[in-house]
Structure formats: structure tokens, C-alpha cells
Amino acid sequence: MLLIEGFQPTRLQSDQSRPPFKTSLFDGKPIDHPGTDTVDTDELTYAVDRLIRDGGVKVLTTTGSFGEFHTLLWDEHKKLIEATVAAVKKRVPLFVGCTNLNPREAIRQAKFAQEVGADGLLLGVPFYYQATVDNAVQFYHDVAEALPKMGVMIYHNPTHHRVTIPVGAFKKITDKPNIVGMKDSHRAPLQFVELCNLTKGKMSIFVNQTQMFPYYQLGAAGCWSFNVWMGPSPVVALRDACLAQDWEAAKQICLDLEGLNRVGPNIGNLTWRENVFKLSVNEAGYCTAGPLRAPWRIIPQEVKDNSKKIAGYWKGLCEKYPMAAEQARKTA
Amino acid sequence: MLLIEGFQPTRLQSDQSRPPFKTSLFDGKPIDHPGTDTVDTDELTYAVDRLIRDGGVKVLTTTGSFGEFHTLLWDEHKKLIEATVAAVKKRVPLFVGCTNLNPREAIRQAKFAQEVGADGLLLGVPFYYQATVDNAVQFYHDVAEALPKMGVMIYHNPTHHRVTIPVGAFKKITDKPNIVGMKDSHRAPLQFVELCNLTKGKMSIFVNQTQMFPYYQLGAAGCWSFNVWMGPSPVVALRDACLAQDWEAAKQICLDLEGLNRVGPNIGNLTWRENVFKLSVNEAGYCTAGPLRAPWRIIPQEVKDNSKKIAGYWKGLCEKYPMAAEQARKTA
Amino acid sequence: MLLIEGFQPTRLQSDQSRPPFKTSLFDGKPIDHPGTDTVDTDELTYAVDRLIRDGGVKVLTTTGSFGEFHTLLWDEHKKLIEATVAAVKKRVPLFVGCTNLNPREAIRQAKFAQEVGADGLLLGVPFYYQATVDNAVQFYHDVAEALPKMGVMIYHNPTHHRVTIPVGAFKKITDKPNIVGMKDSHRAPLQFVELCNLTKGKMSIFVNQTQMFPYYQLGAAGCWSFNVWMGPSPVVALRDACLAQDWEAAKQICLDLEGLNRVGPNIGNLTWRENVFKLSVNEAGYCTAGPLRAPWRIIPQEVKDNSKKIAGYWKGLCEKYPMAAEQARKTA
Amino acid sequence: MLLIEGFQPTRLQSDQSRPPFKTSLFDGKPIDHPGTDTVDTDELTYAVDRLIRDGGVKVLTTTGSFGEFHTLLWDEHKKLIEATVAAVKKRVPLFVGCTNLNPREAIRQAKFAQEVGADGLLLGVPFYYQATVDNAVQFYHDVAEALPKMGVMIYHNPTHHRVTIPVGAFKKITDKPNIVGMKDSHRAPLQFVELCNLTKGKMSIFVNQTQMFPYYQLGAAGCWSFNVWMGPSPVVALRDACLAQDWEAAKQICLDLEGLNRVGPNIGNLTWRENVFKLSVNEAGYCTAGPLRAPWRIIPQEVKDNSKKIAGYWKGLCEKYPMAAEQARKTA
């Protein structure tokens, strides 16, 4: 019920011992652009394992927007997939992101992911041109047919992928039984009800963490979160509140999560939307995401400041919503 | 003074003799998506050679939006680059497109292009997120530094690449002497004057074919065109009119070229903008572009009809503005 | 709990007996533009009285977008206000629309409304330029101060009035105790929770009829509807379901109401958004709205067809959700 | 050839002797909102007369966006029309702005303007909803028919009036011989050529002052300007350069005029676009525009600062492009 969007630890230029993590280690300095081996698989292994042991994760996805499918060389991407498969150890289903401008390349990458042991794909439509709805549906069908043993999770991101797949299209999309899920935060409540009616028993729809109230009541399977890489307990608390049908608690946690977007100016600005949150992972100390990759070479002071404010706010949430004793024991 | 945007002949599934070209050969059927070797280098060689011999081409670029950088596997892209270098035979400068979401991948591709003999790059900014102006400038500087012997032509495409690089930014961009050109059709006349003032002696600015009047008078180095793959003579006539400073003729040709966008409904629609013109190449008979690649699997009848209307209109222009006798002799 | 947006019966050019209403009487013919006395106060009186007697209406508003504040001469508007006051007979609170480009004119109109007995105002921000949030708040404060005995209902319409008033602004807006309500359908659920938290005990927030599920649960005071002029029973049924906390029923009615927007192509198109629903009132036969006023002089066939489809669909809803026996008796 | 957009001097609350004008008199304090007689006809008379005597003005228009048709009570508007007619004394044609949400109200206002001696109308389409092209054309035809002796100048403002009237529509618009002009700054050069071809001999097209180069060469009748209320000489110099076909001079003046929009941050921001220029009139000292009217009650410091910078920059332009000796003599 909790879908985690993977992140990509960037390899540091010099050797660094991980714990204890030093806050503000990078000070926003972006990675040197000519590097060609920038995935820190040790840190990735550490972080993935820690998150799974801390509980709550039911599905792990990699290399969406936050996970930077778009800044990796293919050799790096392969290394990332292999390391993640190894770190997950089949404890939860793993959906590998292979969103691409080019559908044939996406399928090529998906085949690699399948060969090395991933369970499924996280996949946005090719977006250089705005897709027609027909071709968006066809794309998901083509991939699902080409990889019939892989689960396909639709990555619905109208802002970046230029198209809103209308609710009505899911009647046809669900013809392929291995299209099993969607990450989607772009529906008004009534639309969401219709979406759930059309996909019931076929697809699990995951909403943004701040939407669990009231979308879980409306039929969401759970939520996705990339803030959990700053510590998962607030989102685990939200999940538990929803499972317990404690809507007042769920509402309050969602309001608290939403507050994250207001701790500084212009958080949500399209240019830095996910990037500021990557930097905040470095500040929060749960694990290390590393510096930004090119093309984010020049980082405004406002973004650096916001990443610190975000981490501070999240640490406050972790104190307000601590890990349950049982969980804490498990991970000790 | 005439910049040609390369196109990508798609390999046909069955053997086809090229001349005589059969109109409506493909009937809009898209290429089978699982193919992994879809660049028809024979046709590419034929078309590039024919166009250069017919005259007018002063710069050839490949794999922009029309040239489908976004639908090719890297192995195909390499083959395309090699074949184009071989076909051009240094008769005109060749700028290879390597626009990419990932700057490091763009540089990797650019290095390949350099190794096999290309003269320069056609390059849009990484566009998954909207670039800040600072990072857009930095990106072009990074590439220019990494490939100091290659000419860099900026591919300015605000619609697809999400950012308008403001005129003021060119003061800094031109610090790198190997940033030598830009393909740009997004400036009001007065802005264009300012742009030319800032880039004078450093960069050549190419506008859209329909903008030659009056932008050539304002300082444009020439125009780009992908319609020339339906026959170059109307655009060559436009170039000649401008060189002769026959502005009435230039204006009329521009009006005629603009008419191309009105021969059918919704030409200019973002989804099909360049694709309908690729299909029209097949209809016009000057060379063969082949069917569309994935993700354009389902093609509306309107698009198929428009491609025929476009080709018909262009053939009319070729009759109105025929190749000069001298040229015709050369290519006989 | 049910807010009705008033409509404006347009006077017919020739004499017409009202009942029995003849379907398709106007056939979309717009009113002759030079008329200067186009408000049919007899029909207005009949329709307002019928709707109040049929039950469900708790607040009546006039002359919003659907009610055409923008197409009336001031002499007509005055006549409309007086006739509506007389028709309502204080049975429900009456909020008169005086949205205007010019705040001083809005206040002037509001004073007239107060003098002739209206209870409050329905008021959008001046929208020729996009208002700053500060000036939007100031505007509502200025009006509330100028008319301290009138209730002010904010008409929040970001599409037409160019500004979204952010939730945070309501902390200050509610300083004036006579700002008592808002018509608002532009908040995601969590935002709506925040809005209700900020306005609790001070303002009643009315959502669109299709949002009652789940916004009523989240704190909405009720919904607004202009479709009730085709017969109120579906919306009254929705209200009753919400009062009874029968959420499954409420959800189904909302889905049915939402279906209204899909009975034909391009319903929702900004140009005709409210106008097609005015025409559909004429087709449904509950009361008569009359032809469109200028500037809607040329009405596409699609709009005319849609108005018939909308009326047909609504009559189906009225059969599915008939008026309760008790109500039917009252209005017999 | 120079179209001046009228401005509206706002009456000051206290008595003020006009010359010598005191810079920063108002310090951005907006006018008290309850006033109902806010047009300073003395200042209007002074300013209109001065501008006409200084030369260059060939057409005067009133109450467009800059001239605030949208903030005036009708009684004020009437007073403004009468005072302007009296001040112009038939020295130049006077086109009175009566843009309105309501076409019948626009015609009513236009009739008043005709009765008191205006020569024509400046008229944008009713814009509460986006007009269809058909209805936009019909609107201009309706007004032209209702006032056959008045010249109609189309006020084309896609940003505020929500619709771009396509070039093709002017074939029909020009059917009415008293539609004689358009204020339009929204065409690319080639479109403008087409527009001029369609309207030749029927309509005069006025572009923005910064577009005179190169649009005057393309067929513009002249330009409009509201900056002339800070002193007309730079725009008169531009006109003279164009008449003399001195394109280098015209280009340079246009570049200088364009610089006005960059003297401070966010000039051009939709909210303050014309308002900051109204405030700058007060700072420049050529005449007095007075404070802003409601709804501009709270003015950000940035706007106040920009108005001073604009005035300073313009005064520099007036020194660079002084009034010709002959003109100076006339107005001495």
C-alpha cells in the first residue's frame, strides 16, 4: 500500500564514510559533469535495505522523475537496476523505471530489467510530442505485449509527459492483464471514483502522499512518496491511520505533509520541483542522495535554502510521527 | 545560407526499388514497432546526395525534431551519422543532432559524431524540466568546452524544449567561439535585431523558411527548411530572391510557403506537427522518408489526408518556382 | 444548503402563452440585439416562485455568469432585481449579483439592491486585469464596509475572473463579519479542508453540484446549481442523500450529474459553457430562459444540438430522481 | 499616422495648481474609492490641447485599457467624452472607447459619443466569454450598422479580450465601410503583410510604437502610443524617421523605446501593465494622470519604483530626441 519512488545516490568524488552522515555535506555543489560512473551502488544498497527494513514499503519503483531516468547513461542505469534488484532481494515487488522518448528504447531497457530480475516497469508515455490518447493506449499495450511477464505500472504525469490520459481510456488500457497499476495524482475526486470503477480488480491506483485523505476512501490502493528517503515514519503513520480508518488522523497527517511545500518560497517551481527534494534528502540524514547531476549545474541560493528548510520540517514530522516501537526494534 | 534539416528514411519491411517512386506507397502504415534496424541508409545516401547536387544547401543538419532524434536506438543513430558523413563527402558542413534529456549522453553522442567526421552539432537544451537560463547557457558552454573542435548550433525550440532563451543571454553564450549558429524562429522583429546585434560576427542565425522576408533584411544568415525533401526549388528561389534583394519576390514566396500550413485542417497541431510533413515527403516523390516510427502507431485519417494535400501543394510550388536551368543541368 | 444561481428569462419578441411550454420554441434564434427591455419579469416571477415552492432552495443568487450580469443594461438589471425581490418574498435569502469591472460601479449597484430589499451580494473580483491577492482581499473588504448590512458571497471563478484567491487569504478576508459565503469549485480536497478550517463559523462554502460527494463530508455548506432550472429534483435528491449521510447514493447522483457534461461534444468549451445550459432550459420545459442575448448572435449547430441532448438527459435524471411525494403535493 | 491613446486624469482630492508639476506628488496613493466624480476635466483639457499643439497626433482615442474604460462610472465617462470633444476642437479625429462586456451597452455609449460630437469609436469585443470568430465579426458589423456615421476602430487585444481575430476574418469585417481602423500589435510580419493586403484601402492598421520598424515598411498606417503623455518627441521623431524612410534611425528609436520595458523588474506583468505607465506619467511632468482608481488600492513598492524609473528613462529619450525647433516654436 505504500509505493516508494526510488532515488539515485550520486557517487561522491572523494571517499566518504557514510554513517555518521554529515549534514550539508555537499552544499549544493553539483557533480562534475564529465563523470560516467555516477551511481553510488553502496549507498543505494544501504538506503534501499534500510527503507525496506523500516517497514511500510509495499512496492519499490526506480527512476521516475525524482529517480532521474533522464540524467543517467545507460551503463549507469544498468548498474542501478542490478544493484536495486540485489538490494531488494524479492522482499517487495520492484518496478523499474524506463520512461523514454523512444518506445523501442523503453522496451529494450525493460527487457534488460526483466532479465536481471525486476518484477515490473514504471512507465510514462513517450512525450517529445503530445501523444494522442489512442497512441498512449497503444504504447502501453505494445509494451505489455512485448513483456507479458512483467507488471506494467503507468506513470501518469501530465505536466512532464504532456498528456492527461482521460478516465475513459482505461476501459481499453485494462484489456492487457499485466498493466497492473498507475501512479496518478491528477484526478478530481469524482473522476477518481470513475477511474477506480473502471480499473477495479485490474489495476492499483496510487496517489500522492498528500492525497491519501480522502482518496484512500475513494478507492486508492495506497500512495507514492519520495520524501520517505528523509525517513519513512510520517508516511507509515499515514498508512496505518488509513488502514485503521482513522480519518481524522489521516487528514491531519496529510495537512502536515502538505505543509512541506510551504516551508520556503517557490517550492513547486517546475524547474526545481523534484531536485530540491533530492537535495533535502542529503540534509535530512536518513540516507544520502548526493549532488545533482547535469544539467543542474547552477543552483540558486533559494533552492539550497529550501532544501535545508524541507529537511528541517521533515525531521519535525518524524518526531511528531515516530516509528512504531515494533518497527524500531526490527531495524535496530 | 540554406540550412537543411535532415530527415530519416525508415527502412521498408520488404524490398522496394526506389525510382520510380510510387505515390502513396505506405498509405500511412506505421513501421512495425519491434524493429531495431530501421534506418534506410541507401535511401538516405540517395536523398542527401540528390539534395546537395540540386544546389542551395549550405549546411546540413540531422536528427532534430523532424529528423527524429527521439525515435532512434543508439545503434541506428550511429549508423545514420556514419552514412550521412559518407553521403555529404565534405561538400557542405554537417551538423549532427544530439539533443538529449541527458547532457552527458549528448556529449557522448557528440564525441562519436566528431570521431566519424561530422563538423558540428545541432543541439537543444535538456528539457525534461524547464531549464533556468543560467543552466541553459552553462549547458551550451559545457558542450562547447568538451568538444572544442566541433561547431555548435543551438536548436532553439521553446515549445518542445520548454524554455525561451532570452536575447540578453547571448552576450554570455557567445563567449565560446565554437558556438557558431542557431536555428530560431521565435523572435519578434525588434528582438531579432537585438539578437543579431549581440551575435554579429560570432553566430549565424537561421530562421524558418517563411520568415526570410523580412528577417533576412534584419540580419538572418539564412533559413532552415525540412520541406526541401519534397523538392528544394521553391526554397532555392527564395534564397536567390533574397540574395538579389528582390523583396517583392521574397515576400511572395514566403506567402506561398506559408500557404502550405493551410491546405488542410489542424496542420500545426502539436502532436503531428513534424510527422505530417514526414508523411508528405513520401507523397511528393522527391525522395522517400518512409513510414512513421513508434509511438506514432495510429494515424488519424485527417493526418493522412493532410500529407497528400501538402505534397500536392508543394508540387504546385515546384512548378511555380522551378529549378534554374543551370542547376537542372548539373543534376541531370 | 442548496444555492441556486438565478437565470434571466429573456423577453420574447412576440406574445407567448407560457404553459404549455413548447419544446424548441426558439430554435436557438438569438434575441434581436437592439432591444433595451429584454427581461421577462413575468417568466422570472413564475420560475422563481415555482422553484422555491418545489423545495430545496435555501439561497437564491442572481446574475452570475449563467445569470448574465454581463449582457444586461442597467435599467434591465434594476428591473430584474426588483422583480426577483418581489418573487422571493423573503422566503429564502436573496444574493444579487453585481460583479463588475469597476468596483465603484459594483458598490453603486449593490446599494440599489439593498434599497429594494435584497439580503446580500454575489460578487466576483474586478477582472479586467488580474488582481493581486492583496487587492482582491481589499476589494471584498471595501464592499463589505460600504454595505455593512448586506451579506457578501464571494463568487470565485478563476477562469473568468483571472485570479485564484489562495486559501491563505481567507484568514484576512474573514475579518469582515458580513462576508458570509463563497461559491467555489476550484479546490483539491485537502485545500478544501484547509479552507473550511479557516472559514469555519464565518463563511459557508458552496461547491458545484457534482462535488457534493465528497466535499459535503469535507465541510461544504451545500452546492450551487443552475441546472435546477430544468427541474430541481435530482439536486434535491442529492441534498437529501447528503443530509442522510447516504454517501453511496450521493456518489451515484454526482456521477449521474457529471454525465450531463458528456452527452455531446465540447460541452465545457469556454465560449459556450453557460450558454448551452441556458438554451437547454428552454428545451427542458420546467421554465423558460429565452434566447441568448448579444454577443451570442451566431450559434453553432453543435451548441443547439447539445442543448437538446442536455435537456433530454436531465429529464431522464428527473425521472430517476423524482420529487418526493410530500414536495409534489406542496407544489400541486 | 500617430494614434494617441487617451489617458484619464484622476481628480485630486485637494486643490492643486498644475504648473509647475511636482514630481512624486501622489507617491502612489490610490484615489479614495468612494468618489463618484473622479475625472479631472481641467487637466484633461490641458493635456489634450498640449499634446495636439506639440504635433504628431493624427488620431486621438480615449478609454482603452490605459485610458481606463473599466474604472469609470458612466456619469464620469460622459463627462470625459464631452470634455475631450471640447478639447480636441475637431483638430484631429477623435475615437471614443466604449469597449464593454455588453454589446448593447457599448452601442448605447457609442450613441452618446456620436451625439456630443465624436468622430468614431475604439472598440474591443465583449470578452466575458471568449468570442467565436463569427460572433466577433458579427459584433463589429452590428455596431457599424447601428452607427453608420461613426468610424469604428477595432481594438485588438487578445490578452485582455480573450480572442485573436484571425487575419482571414478581415475579408468579411471590411464589408462595412465605416470599420476604418485597428489597433493591433499581435501579428508576425508575414501575417501582417497578409492583413494589410486584405484591408488595403479600407482600414488603417496601427501598431505599437516599438513595432514601427519594420511594420511601417510592411504597411502599417502608423503607431499608437500612450507613453506620449510623458512627452511626445521620441515618438514624433520615430514618425519623422519613417516618413523620411530613414530605417536606421527608425530602428534605433524603436530599440530605445523597447528599452523602456526593461528599466525595472517585471514591467509587463499583466496586473500592472498599463497601471505602472499611468503612474509614470505623474512622474514625468508633461501632464498629470493622477492616482490609480479602485481596484488598484494596494500598490507594491516595485511598481512605484518602476514608475519613477520609467519616467526617468523617458525623460532621457526626450533629451535624445527633442522636439523639432518649429514645433517648439508653435507651442511656446
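Observations
Note that the chains are named A, B, C and D in the order they appear, and that numbering of residues resets to 1 at the start of each chain.
Assume contacts are C-beta pairs under 8 Å (C-beta built on N, C-alpha and C of every residue); 3 or more make two chains touch, one makes a residue touch a chain.
Note that this is a predicted model, so its numbers are computed, not measured.
Comparing the CA-atom centres of all chains against that of subunit C, the greatest distance is found for B.
Centre-to-centre, using mean CA coordinates, subunit A is 42 Å away from subunit C.
Note: centroid distance subunit B to subunit C, computed from Cα atoms, is 53 Å. The set of subunit A residues that touch two or more partner chains is empty.
In terms of inter-chain touching, the protein chains here make up one closed cycle, each touching precisely two others. Applying the touch criterion to all chain pairs gives A-B, A-C, B-D, C-D.
If you check the complex, the residues on subunit B that touch subunit D are 188-190, 193-194, 210-211, 213-215, 217-218, 251, 254-255, 258.
Chain contact summary for the complex, subunit A toward subunit B: residues 33-36, 65, 70-74, 101-105, 107-108, 125-126, 128-132, 134-136, 138-139, 142, 146, 160, 270-275, 293-298, 300.
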